[in-house]
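The two complexes that follow have chain A in common; it is paired with chain B in the first and with chain C in the second.
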Partner chain A sequence: MAAQPKPLPAHQPSYLEGGGILGWLTTIDHKRVAVMYLVSALFFMALGGFEAMAIRVQLWSPDNHALSAATYNAFFTMHGTTMVFLVVMPLLLGFFGNFLIPLQIGARDVAFPRLNAMSFWLAMVAGVLLHLGWVRGGLPDAGWFGYANLTERYFTPGLAIDWWVIGLLVSGTSTVLTGLNFLTTIIAMRAPGMTYMRMPMFIWSLMATSILILIAFPALTIGLIFLLFDRFFGTHFYVASAGATPILWQHLFWLFGHPEVYIMALPAFGMISEIIPAFSRKPLFGYPMMAYSICLIAFLSYGVWGHHMFATGMGPVADSAFAVTSMLIAIPTGVKIFSWIATVWGGSLRMTTAFYFALGMLLEFTLGGLSGIMHASAPIDLQQTDSYFVVAHFHYVLFGGVIFTIMAAFYYWWPKVTGRMLGERLGKWHFWLTVVGFNLTFFPMHILGMWGMPRRTYTYGADMGWTHLNQVETIGAFILGVAFLVFYFNIFKSLTSAERAPADPWDGRSLEWSTASPPPAYNFAAIPQIRGRDAWWMLKYGHAGSRGVAAYASGAAPSQPPPGEPLSVEHIHMPAPSIFPLVSSLAVGMIGLGLIIDWYRIILIGAAVTVLSIVGMGFEYADYGEESHDPEHAPSSGGVDVRKIGVWSFIGSECVFFASLISTFIVYKSRSVSGPGPQILNIPLTSVSTFILLMSSLLMVLALAATQRGDKLWQRIWLGGTAAFGLIFLGGQVYEFTSFYHEGMGLTTNLFSQSFFVLVGFHGVHVAIGVLWLSVLLVAAMAGKLGKSRALSVELVGLYWHFVDVVWIIIFTLVYLMQAVPGA
Partner chain B sequence: MTTLAPKSDLAQWINSLFIEVTAWDAIILAIVVSAFILAVFVFSSRVGEAAPASAATSDLGLEIAWTLGPTLVLVMISVPTIRTIFRSQPAVAPAGALEIKVVAHQWWWEFGYPDGAKTSNELHIPANRPIRLSLESGDIIHSFWVPQLGGKRDVVPGQINELTFIATVPGMYPGQCAEFCGLSHANMRFRVFVDSPDEFAKWDRAQLAGPAAIPATDLLASNGAKLFANSPCTTCHMIQGISKGYIGPDLTHFASRTTLAAGVLKNTPENVAKWIGKPQETKPGANMPALLLPGPKMDALVAYLESLK
Partner chain C sequence: MSDIADAHGGQNHHPGAATYLTIAALLAGLTAMEITVFYVHALHPVLVPLLIVLAAAKFALVAMFYMHLKYDKWLLTGVFIFPLIIATLLLVSLILLFAYLSTHMTPAG
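And now, the complex of A and B:
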């Protein structure tokens, strides 16, 4: 053991200090980004809560006129959209995830800090776009799930749904970037010695969540793109009279939507798995099974989406399959609940507000899970779905499960984020008001559902016998409202009090508690070496926190910080702030706005600024790599370079993106009511351009080889050649598209044409982006900035380029070649 | 409109399944709550007290038990589930079934019988005979739900969904659209009358007959008939022998219905006047234009409509 080191200088500035407003606007510090997510989420939580209260006021009595039907429909739509996209995900991922991941894995920031900030600003732009209807055009009013074909312009004219589509596309982009960032961070930036089985549970849950985000959001993106094309460009992806089906929307939406609820639930599970051990002063029971169950839940969540569609008439085989898979997913979930209780069992409990909320979550979430088992049984679900019973179910899991967890997490991690404690007395009031209000509001909904009350109805008949329970629920909602006021007051009081929180107020088990409260910008003066699970507990008490005897040091203060603290932190070089995340997000917002209000110039300017900002961010990232001690060679805990993991993650999500487009094409190609079909395709011509695209992959390989051996001349030739071949391919597509147009097949001609053009068109956009990327690298090469040490940059574009080629091979086979096969 | 008082074979199967699952849920809840109470209040200490004995972080037996146990329960639930799924969705109509075509519109229901009878918003069916509803949409997705007669089935444009059941107890059972369909989704209600076979036959014959003759003494209704025949109402509403519109409900036997505006208002003269005068007040977004007639004309029209038994 080393001698006690000299302490660091008295005042290390925390991440919150310095920089002024510009500092916050240009920050790429994950902790500052987290705090910005927090502030916006708290605002939208109040807004969504207000919408809920208004709903409950309207439902106080039958034939009530507190809200008009139009306002009511907008409010329940916005309540759902706001809570899911602007509150829960931003809190779990944007706030808690962002703040804690680097601190828990022993890193100084996330893998891509500029992308991280861009995710936040995109989320802000999305929040504004979703609410701009209030100023012009009306708020979205077709439900948070926006079922086609109600959402077609014919049935819902005006701007409301347009705001919704664009807002969600921007929000989805923000979330996908976050998922990519988190997955890469967790794989690549764990401190030395932190194997997967030594990670905190919250990190496990975020790893699974990030994968879910990457493979679920593209389905929503495609569904929204189809709706956008229908509303703006006259296609008929969801119009039955053209041979299409509105059920396509439901499949795409729920392929996203069910993983989405696990994107919300899994991080909550991860947090509970840390909070309960902390206040039981005992390690988590069954850590390996808890990790595996997270993975299993994530995997299974992708196979249950049809249980939202039991009433649509999918047929008994599909109904049975989805019923069985939906029941299966209950098993790993049950394992978690039992393990949490077993963690409490035999513990030395500290009954704090955080622990109260965690314990409350166990019971409320169990109730939600039990009603979920009923929903899994398709025949029962046919009575319960679209009634207040399912409203009860999902509020028990999302509020009783996720929000209760978020509240526990607030009380637990608030000292680390702000350096203050949330008041315990106020906290207990907050807790009990929440429990009473929540159950009073939502338990009777089970009964109302069983008594036949449908959901999404702005009023109900006096003779239905539903009045009294509705009134009970409204009273409960007001009690909940008071609970939230107490919560906001607790926050206000804690921020305005002088009392400072210690670094480790709860005698915590994970690494974030080893830093100051709040931490300095660089997180750790020295990256710790990890020797086991519950890394901080091990560093403090010196013995294995993960099995056998735990230190039941009943309430004793933690021991001295681990030895080996360096004398200075001057060697730490954090990346500089950047204006590009904010600028690029505003530019994306401009594209969306221009599309809706028909100002094409704004679209073009927005697109140009977006591209330039992204290129700017790329150069900033590269320059930072040069300045600091060579992070490109920094050991990655995943064994693969950080940026490569990022590109692979992106490719993973792109697989789902193209799979959705290709599946739609396959389903729709022979359902056209009239007009040309696959016979119009020119296979010989397209074979030539396919060959050229494949050859471009060869040139790409040659470009990488040239870069790796430092051959400047051939590097430029092959890079330029790859881009040129890409352009030739695109030229062939332009020729093909215009010739189809002249032969009478435009975008909106029929189902075959629209599926074809959207699929092949989006692929072409991907090729174009690749050409742009290659051009940027070519310019860098010609300026002498793409030497051997930067071969990875070429490898990355190569990965992307080859992927786009592989997708083309699939498209060429399924779209073109299959037509040559009779009966295909 | 409860799901807990099944009045058909389908509703009965679902209710039995529901009771089974509720029983299992109750057992699981009891186990979880007991374990919770024991863990929090009995087998733990509070910080500052002497530590309790158990410090286990794994127990293979326990982990196997709480994985296998729920699995077995779920298997036991899935077997009757799958059986009920297949039983309740026969591929073809059962022998002797009465096949009724249901068309859902924003925001009303159209019912058509094999013998050509047509009505709206109030469905009559005979008890103890298989009923096969074929559900079609005139515009967007709706959902047909009569809780006492079974689970709901969505009505989807471009496909025909079926709902098959046998109503076992005569009575009146309310139903409501159960898929959000726009402004007046809450006002798209309907009623199902399960009649004895004789009553049903009588009702069916009455529906097939032409409109009731207006008594010669009823001048008000006669005037109303003339008003109707020359009004824009004929564009959308059919009265057999008088008008041919089919965009809105068939009114030939309007007065035989207990409610109007798709189950929202009781069928009384005041309500008819209220509905015709300002439909959007009862049903926001209703496609029916307001017809603000002066008092005497409205009385005449209402009298005519109420004569159409």
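And now, the complex of A and C:
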């Protein structure tokens, strides 16, 4: 710290002040991005809630026609899609995650602020695309999990599913960028002294969640890409009459779908692990076991997708394996529940609204967990599947477990976000109405499910005996609606009241409570030195024991950082706002819109603007890298640059992306019912292409070596050579594809051709992106802006290029060479 | 390794041109072996394991030397290896699940 400490100005402007509308549109401040997520999620929560109420109105009485069957289908589809993708994830990750990660780990922002803003704008574009059906083509109506082959154009013509496919692809891209950003931030930007075992439990949960996002979302992306190809380009990835199997969609969807449950649940577990200790005035019980449990849950969650598919007939071995893994996941989950109870046990409890909701979550989530274990047993699951029992189960998990936690988190962190308190009296009303409404709505669904009421049913006959319980549920839903109105009113009242919240209203334990409410743009005047777990508690009281209780009760608890820390803020350089995240996201939206309304000029313009704005963002980032070259910003994780961790995380996610494509090719290559097969492949030509791509990797590392030693001439030669070899490889691919076409094998000819073209084509797209990236660097080198100090830029493109190379090594072996073996 | 070059202020040690060229030669040799194995009919009974071993060797060489995992922090290896293992498990699982499906179900699935 070169600058001498100076007193802070009397009034530190909060992150909410200044900038006007343009300031918000161009912001890359993690807190402002979080607030924008909050506003959008509250809007979509109201919309999804309205759809749920409409569903309950329709089910009020037998043979009811309050809604048409088509509208009913659209509403339950959009209720699920909206709540999962536009409410719960944006609230957990976009709002709480974005706001709290840097504050809890003692950083000034996330690792990639521009990418963070782009994630938000992409999420907004996705939300708009998903709802454009209101305007044109109708709302999606095939269920939130869009089972094939119901989603094929033959069964669902029109634009509704098109909006859904494109919207979810954009939403998935946004989420993956968020996961990559969070993982990198947590790994590399923790304050000095914050080891992994000193991180707040919320940070642990977000680290595990980010990893899950990176390995789970690619499967959904691939499933959606196949569906997009089926609907837009006439392939048959899910068409049984062409030899394909709609079961492929279920595998790809649930490979994403069950981890997705934990992508929503784990952050909630993390938040509840922050809230319960704060109001119990005790450290979290069993911190290490809680951390390990989060990791174990995340790992196991990737191996349980099959329990959604017991009814498809996967065979006794697969059923048994999925039953075992599904039961195993109850163990670490149980550890967490017992740890929370043990934290409360013997604590000095403060019965705030946040704590009410936290305790409510413990009860309701446990009930949902218990019915979940029933689904792990294949024979029992076969009785319950597609019944209202399942609807009851997942609402107890997602509403009882996650929404209750989100509400607790609202009451807990709202003062930090806004600088104002939420009303406790209204909060208690909110809580009790929620508890009553929630249990009246969802508990009877267990019974109706056991009685055989199928989920997603439009109506039911009076002779089924389901009327009274359905009416109880509808009454409960309206009580729940009132509860949410109270919540929204509480927010409104809080924002319009003059009462200000102190910096540390709950005598908190983690670092966010050490800064002002709301925090300044730079978060901390000085990056804190972490001396132990519960970092702020340690700074306040010196140890993690119970001394804070007495200090707080006597009013002696400090609310400002301890003396001795530098208070000058002049040396803090925050990254400048950028319009590129907004522009690039809008351009991506144009591509999606163009695909759906069949206007190729929009697609081309969107693609061009996307590329240009991303390149522009890259050059902005380079400036930021220099600007922030200050000891405080040095990454804490062994000196590894955040960009390098980010690229490696992206590469890890791409492994799953290509594994999904390759496995589909292997499954489908011999299922074609007509047309040419693997014998059409040209091994000599591809061998030459393979050699060229391998040698391009050599040129790439030579370019890096030249950059590192400051040899500008050879740097340009090798960079240009790498791009040229990439272009030659792409030329070979174009020649290969063209010759296949002339020999009678087009994209839609059969299952072999479509899985081949999509796999190899996507690899080609990756090569093309690499060539583009290399070309940008080459231009920078020619302009003299790629000196020795920028070697990392060359290393990053190199990592991407070599990954494309190793993927081709696998494709060359599995797709080309193994075709010589019958049945391989 | 005598040709190790210092980069990034002494934090990372990347190999120099000689190592890169050696790896390129190995990659070319392994690719030649793959193509040879493909055309030798006598080897077809063991083609699958042979090709997998050769591809794995090439993969490892690129990842370790060109992507510098051999020289960089273990953290980066972990960030890459964990999803790679997951991806491999996914690949094997889907192949096995569909193999069962194709032998016990109608083509329509």
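In the analysis below, the second predicted complex is superposed on the first by the 786 of 824 C-alpha atoms of A that agree within 3 Å, B and C clash if a C-alpha of one lies under 4 Å from a C-alpha of the other, contacts with A are read in each partner's own complex, and residues count from 1 in each chain.
Keep in mind that, in the parts below, a contact is a pair of C-beta atoms (placed from the backbone, for glycine too) under 8 Å apart; a residue touches a chain by one contact, two chains touch by 3 or more.
Source: prediction; values computed, not measured.
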Regarding the shared-chain residue A:I380, is it in contact with chain B (first), chain C (second), both, or neither?
first
Touching partner for A:Y458 - first (chain B), second (chain C), both, neither:
first
Which partner, chain B or chain C, is in contact with more residues of chain A?
B
Between chain B (first) and chain C (second), which, if any, makes contact with A:G652: first, second, both or neither?
second
Report for A:L266: first if it touches chain B alone, second if chain C alone, otherwise both or neither.
neither
State whether A:I211 touches chain B only (first), chain C only (second), both chains, or neither.
second
Which of chain B and chain C A:G313 touches, first, second, both or neither
both
Should A:L774 be classified as contacting the first partner (chain B), the second (chain C), both, or neither?
neither
Going by the contact rule set out at the top, does A:M695 touch chain B (first), chain C (second), both, or neither?
second
Where on chain A do the contacts with chain B and the contacts with chain C coincide?
240-241, 243-247, 313, 315
Which of the residues in chain C end up touching chain A in this complex?
5, 7-8, 11, 14, 16-17, 20-21, 23-24, 27-28, 31, 34-35, 37-38, 44, 47-48, 51-52, 54-55, 58-59, 62-63, 65-68, 72-73, 75-76, 79-80, 82-84, 86-91, 94-98, 100-102, 104-105, 107-109
Interface residues, chain A side, partner chain C - complex:
187, 211, 214-215, 219, 240-241, 243-248, 251, 255, 302-303, 306, 313-315, 317-318, 637-640, 644-645, 648-649, 651-653, 655-656, 658-660, 662-664, 666-667, 671, 673, 683, 687, 690-691, 694-695, 697-698, 700-702, 704-705, 708-709, 791-792, 795, 798-799, 802-803, 805-806, 809-810, 812-814, 817-818, 820-821, 824
In their shared complex, chain A is touched by residues of chain B numbered 1-4, 13-14, 17-18, 21-22, 24-25, 28-29, 32-33, 35-36, 38-40, 43-59, 62-63, 66-67, 70-71, 74, 77-78, 81-82, 84-86, 88-89, 106, 137, 139-141, 143, 145, 147, 150-154, 156-159, 161-162, 174, 176-186, 189, 264, 284-285
Chain A residues within the chain B interface of the complex
68-70, 73, 142-143, 147-150, 155-156, 240-241, 243-247, 280-289, 311-313, 315-316, 319-320, 323-324, 327-328, 330-331, 334-335, 337-339, 341-342, 344-351, 359, 362-363, 366-367, 370-371, 373-374, 376-387, 449-461, 464, 546-550, 552, 554-555
